[in-house]
Amino acid sequence: MALPDFTLSAGPVTVSERTRAALARPILYHYDPEFRAGFARTQSKVAEIFRTKNDIILMQGEAIVGLEGALRSLITPGMHVLNLVQGVFGKGTGYWIKDFGAELHEIEVAYDDAVSPAQVEEYLDAHPEIEMVCLVASETPSGTVTDVAAIGPMCRDRGILTYIDTVSGVLGMPWETDEWGLDLCVAGAQKCLGGPAGVAMISVSARAWEKIYANPAAPRDSYLSLLDWKEKWLGEGRFPYTPSVTDMYGLESALDQALEEGVDAVVARHRSAAEVTRAGARAMGLELWAVRDEIASACVTSIRVPEGLDNAVVRDHARAVYGVMLSHGQGAGNLVRLSHMGPTAGGLHSIVGLAALGRTFADLGAPVDIGSGLDAALDVLSAQNA
Amino acid sequence: MALPDFTLSAGPVTVSERTRAALARPILYHYDPEFRAGFARTQSKVAEIFRTKNDIILMQGEAIVGLEGALRSLITPGMHVLNLVQGVFGKGTGYWIKDFGAELHEIEVAYDDAVSPAQVEEYLDAHPEIEMVCLVASETPSGTVTDVAAIGPMCRDRGILTYIDTVSGVLGMPWETDEWGLDLCVAGAQKCLGGPAGVAMISVSARAWEKIYANPAAPRDSYLSLLDWKEKWLGEGRFPYTPSVTDMYGLESALDQALEEGVDAVVARHRSAAEVTRAGARAMGLELWAVRDEIASACVTSIRVPEGLDNAVVRDHARAVYGVMLSHGQGAGNLVRLSHMGPTAGGLHSIVGLAALGRTFADLGAPVDIGSGLDAALDVLSAQNA
Amino acid sequence: MALPDFTLSAGPVTVSERTRAALARPILYHYDPEFRAGFARTQSKVAEIFRTKNDIILMQGEAIVGLEGALRSLITPGMHVLNLVQGVFGKGTGYWIKDFGAELHEIEVAYDDAVSPAQVEEYLDAHPEIEMVCLVASETPSGTVTDVAAIGPMCRDRGILTYIDTVSGVLGMPWETDEWGLDLCVAGAQKCLGGPAGVAMISVSARAWEKIYANPAAPRDSYLSLLDWKEKWLGEGRFPYTPSVTDMYGLESALDQALEEGVDAVVARHRSAAEVTRAGARAMGLELWAVRDEIASACVTSIRVPEGLDNAVVRDHARAVYGVMLSHGQGAGNLVRLSHMGPTAGGLHSIVGLAALGRTFADLGAPVDIGSGLDAALDVLSAQNA
Amino acid sequence: MALPDFTLSAGPVTVSERTRAALARPILYHYDPEFRAGFARTQSKVAEIFRTKNDIILMQGEAIVGLEGALRSLITPGMHVLNLVQGVFGKGTGYWIKDFGAELHEIEVAYDDAVSPAQVEEYLDAHPEIEMVCLVASETPSGTVTDVAAIGPMCRDRGILTYIDTVSGVLGMPWETDEWGLDLCVAGAQKCLGGPAGVAMISVSARAWEKIYANPAAPRDSYLSLLDWKEKWLGEGRFPYTPSVTDMYGLESALDQALEEGVDAVVARHRSAAEVTRAGARAMGLELWAVRDEIASACVTSIRVPEGLDNAVVRDHARAVYGVMLSHGQGAGNLVRLSHMGPTAGGLHSIVGLAALGRTFADLGAPVDIGSGLDAALDVLSAQNA
């Protein structure tokens, strides 16, 4: 099968030419002075997009290596943890919390909705034993977001630790690690940043380090260990294991591009692309997945697959006939996602996605008004640039 | 500081132009049909260089993620394990074995020597309770090898599992997973293969899977889990987490190049480069680290740093003045390594390394006969090509 | 100004990832045996897309270096030459013919029309003194084509030489150099082939060589000399001057891709893209430049700019606001070109161009029915793939 | 045949990773605002390395297109021209001068020697009818240089035009276009600059333009025309023909690198590499081509091939057995060239070249003391960095 003309996936995303050129750079020895300096610079740049003065740990692997390593580091047996569930990743966090030996509390809503700050406040009022709150800032599989700006400070003010899965959150929504008092945040490079898939970016507050140091169950001498990175790399300048030189090149390049554009501008670009996409989908007669726009993600627009169609068939058709690779819901429901993430957030990329999806639905027999949809999307895009 | 002209490190190694072009390819969604097909092809190609029909698992991360995941999968509390120690990586394996709850047995020799098959045989005869033997095929930090061709079949014939760290072994020495009956082997892509640093390549025999399935302590729902890969990816075609698309491109390309050259030819190329390098070092008046050539690695030549010199100063000088990045011994001793690994195994690369190291020693006051050394090395190279 | 998201220009065109990877290959010495072999291979591959057994000359420079060199080689003072003019490039050929000292005969039609075979036949019947016919197969600036399949054999049968500017013709329309008896054809790499801009591809028949050898005015010892290439490179294996190694890499790669896809398939892909684009433009209410579809080029669709709008303003707006770079008419008239050439011929690229142009017209106040246009274009695309 | 490990040719030279990444950039339309801006920036950067305020013309093609175009522009029939000949390129210039209709005067010396300023002065004193002096600053095929710093001002002071072939001169020797009053200089990108082979860089003084405008034979409407570039591009912002977008990317990148390093530093680096190489060759017992070091080029070291050996066999052996591509003398004599040009000027690259050549001579039976040669070369290199 030919390569797709367009990859509009929910991660790994299409990356820029400049990032790809960085990925092709000659591989240095990880103890080459140039590589070591670059690794340190990259940490600082991650801190800038996280807007934090906390330590930054860059673990080699998909973001999930950071999520697992961090959660294992924080959880002590018997500890009471409140987990917010509004999608498949939040649900999975809960399984881990239990596996790792904590007492699990959960607030769960439907996967097209979001847990509200009021629900959290009420629960915390009623359960003073809660020591940590876990949440997924952006549920990529279903395209909804959680109100971290409200819940973060609420936890900080109560002295409750926060563990935040912001894999597709950072740069896809306003993000203020320090202002919001977030203790442990894990982001992925292959989402809104438009970087490679092989690095987990983690910010750890002093309070979180205290907790981790006090935790005898925190991984040490392990691929999952945050402490190894803290002590060996941050402490002594030795890598606990060989980092992926190539991924670090790509990561620094993607960070440079984001910082040159400006963090706020990147966030705004994702929001604008989401507006164009939602307007187009609605005018086509399609139903959005998120129950209201306020909780719709800016990095993916989830669309309910019309009655009678299977999302796998839909995506295969769009890929085979129109050369556009779209993402499915990873178990969140019968939805398909038009992603506008990283370099494909902006410009006519939303039109490409809408055209491929609309025409695919039409080919498969679903009623859809493609022309009106593309017209409406272009109207919004035009107005944004007026 | 400028980039080095030559990276002759012990991994990550310089990779070929073709591999780098692969690393720059547009990033596909991991569920793109082309990526899925490529992932499966890559597994088959790994099996070819391992010379096995066993399952191949490709975990994202440096090789150590595979070493840890595999060892945790195999070890059950109380199990008796014989660990062979002749270098820092073997030593580390022993710490893990104890940490993971097994009864540790060890045969340890000096780090410039190798454990012999006879020693292993004697130990196994005396300790019938041993269920598994762990060894490091190629101790990269000190440049020595273990006789896997003898020890592997010995274990198989006794029904003892083998866990083999062959991170820099595969392609750097003859390797016959199936013929030698090796149960679990873990290799790194960034060594003799000349690939990127982000993938652990693991072969798992049916016997090893049985053991793992029977082990309640084997990781599941974890970044360290081999079972997740077995059940989700090999079983159902779903990735347990997003693989690094870029690293997989680089890996497949490096495998293609090795298979086109021929596995035996790659092994021979490493051996030839080692001969050239050893001849040159000796004729310069330098002392080789390995106590005898039979146990000297073909992928790195470790050289004792002359009395009074510090290996860090030596390497910094070679890097700063001659533009050549060399590796140190990672704790194995006061040595410096001339690597000839991957694309730098062969041709005049050994001359470059010898010239940089010889002239560095001279600059720092150590007596060394550079001209004779380079002459001797070129003599060997010439004879190899006659 | 940011880079465009999409370049839909009439050449140099967007090239494929694979071609770009080739352009990045390490630069070899031009007398390296590998480069020499590659140069010879590339000539053979050019012959395949030209469908000829004639000599192929690859001159370094934009196609025009080949057009000028070839025309100077063929024209002898006082010779009678019939030049067909239906666009700016044909017009320019006429100026050269006169400058080089020939007696110029011309059949000229409006630049939105095409000279017909019947007109040529009539002229040749009336002017038996004509020794050569010059024509432009595909007038890229205005998007019209000439019927080479009819005119070529007509000339051959009369013993009249043909000089054909097929810069954007080869691969953008059916092309049979030998079957049609074409003597001298010049194509550019940066057009339908999707290669780099630095090579002129020239086929020269035995009859043309005879004429050139007999011509004392034919350039020798000059950058413009075809004879230098014939005698030095084809004859003795010496390059008359250093070729651009990089461009040759890109050219061979682009040829490989075309041959793997199949010459007929590439031609068909361009035709399909043109159908989609024309359907979309018409349904938007736009006026096509070519007076009838039979003479409309398959590689660019020229569209009249609505009354009151300036084509430069139109293109600047599309570039600045929608990130799409389009081409103007290079003096052929107040038109704008939606190109579908090389890798952008096919799939949703036409939709991108139509969306950018349609919305630009709307933004600038011209009446245009964007939705209907995109709908119609997608209908055609869907039907082509049904 | 495998690719060479090292290309130490006299151009096209090995280019840096950064230049190659630039060559791989997406191809823009030549009228894209970004490309136009880049083209203008590149002209300014060329002016910086030429150290001139004169107009810069960038013609697409190997440097020879600029040499021919410029000479045709300057020469009027019957004009008296003094041509300095000390190598094959100077000899060729003389043929052109005659072909283009001028009265040719020549001072010719052996190809291992150089025309001296005193010889020129004497000739000019004796021939007041001379209107232009032509010279080759650096005869790349034989590795000798001409004293432009003395001859240039001498001509300027007498009101005599200068036409300078500095294809491998700029950046390989001190160069002061304006200070020395040089009228027309042509350099190649693929030599000391380390750029691609497809661009001729030309500086034209106001006095030269006057001459050209007054010359009815100066090419117009031709690929060879400097006037087209002056009037269309410099005057109106229109390209006379499509430039090679890719080559321009590579050129700007190479210029950036040279300017960041500093023009004087680049020149010094070439000189240092030449010193290392000459010391090594002499200590090996080889005979240098240039009769004295003062006229030896800093960018290539030409070495006489020992009696009884054929330079083609020598180079083929070095390429096949040691993976190093060297250059021959292009007709200047039985010599072989160790090039240190562009990125390979510096560090251990000279050692690679010397090792390959020395061992090749030994393999072919010539007496050569390789060890002493490499020792001596490393001594010089060490001393340069002390």
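First chain written, first letter: the chains are A, B, C and D, and each begins at residue 1.
Methods note: a residue touches a chain if its C-beta (ideal position, glycine included) is under 8 Å from a C-beta of that chain, and two chains touch if they have at least 3 such contacts.
Quantities reported herein were computed from a predicted structural model and do not represent experimental measurements.
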Residue-number overlap at the subunit A/subunit B interface, same or different (half cut): same
Pair exhibiting more inter-chain C-beta contacts, B-C or A-C: A-C
Chain whose mean Cα position lies farthest from subunit C: B
Averaged-CA centre spacing for the pair subunit C and subunit B, given as whole angstrom: 53
Subunit A-subunit B separation of Cα centroids, rounded to whole Å: 34
Length of the line joining the C-alpha centres of subunit A and subunit C, rounded to whole Å: 46
Per-residue multi-chain contacts in subunit A, two or more chains: 3, 17, 21, 24-26
In the complex, subunit C residues that touch subunit B: 17, 21, 24-26
Subunit C partner contacts - residues on subunit D that touch it in the complex: 1, 3-4, 7, 9-15, 20-21, 23-34, 37, 60-62, 64-65, 68-69, 95-96, 99, 190, 196-198, 221-224, 241-247, 250, 319, 325, 327-328
Subunit D-facing residues of subunit B, complex: 3, 5-6, 17, 24, 321-324, 346-349, 351-352, 355-356, 358-359, 362-363, 370-375, 378, 381-382, 385-386
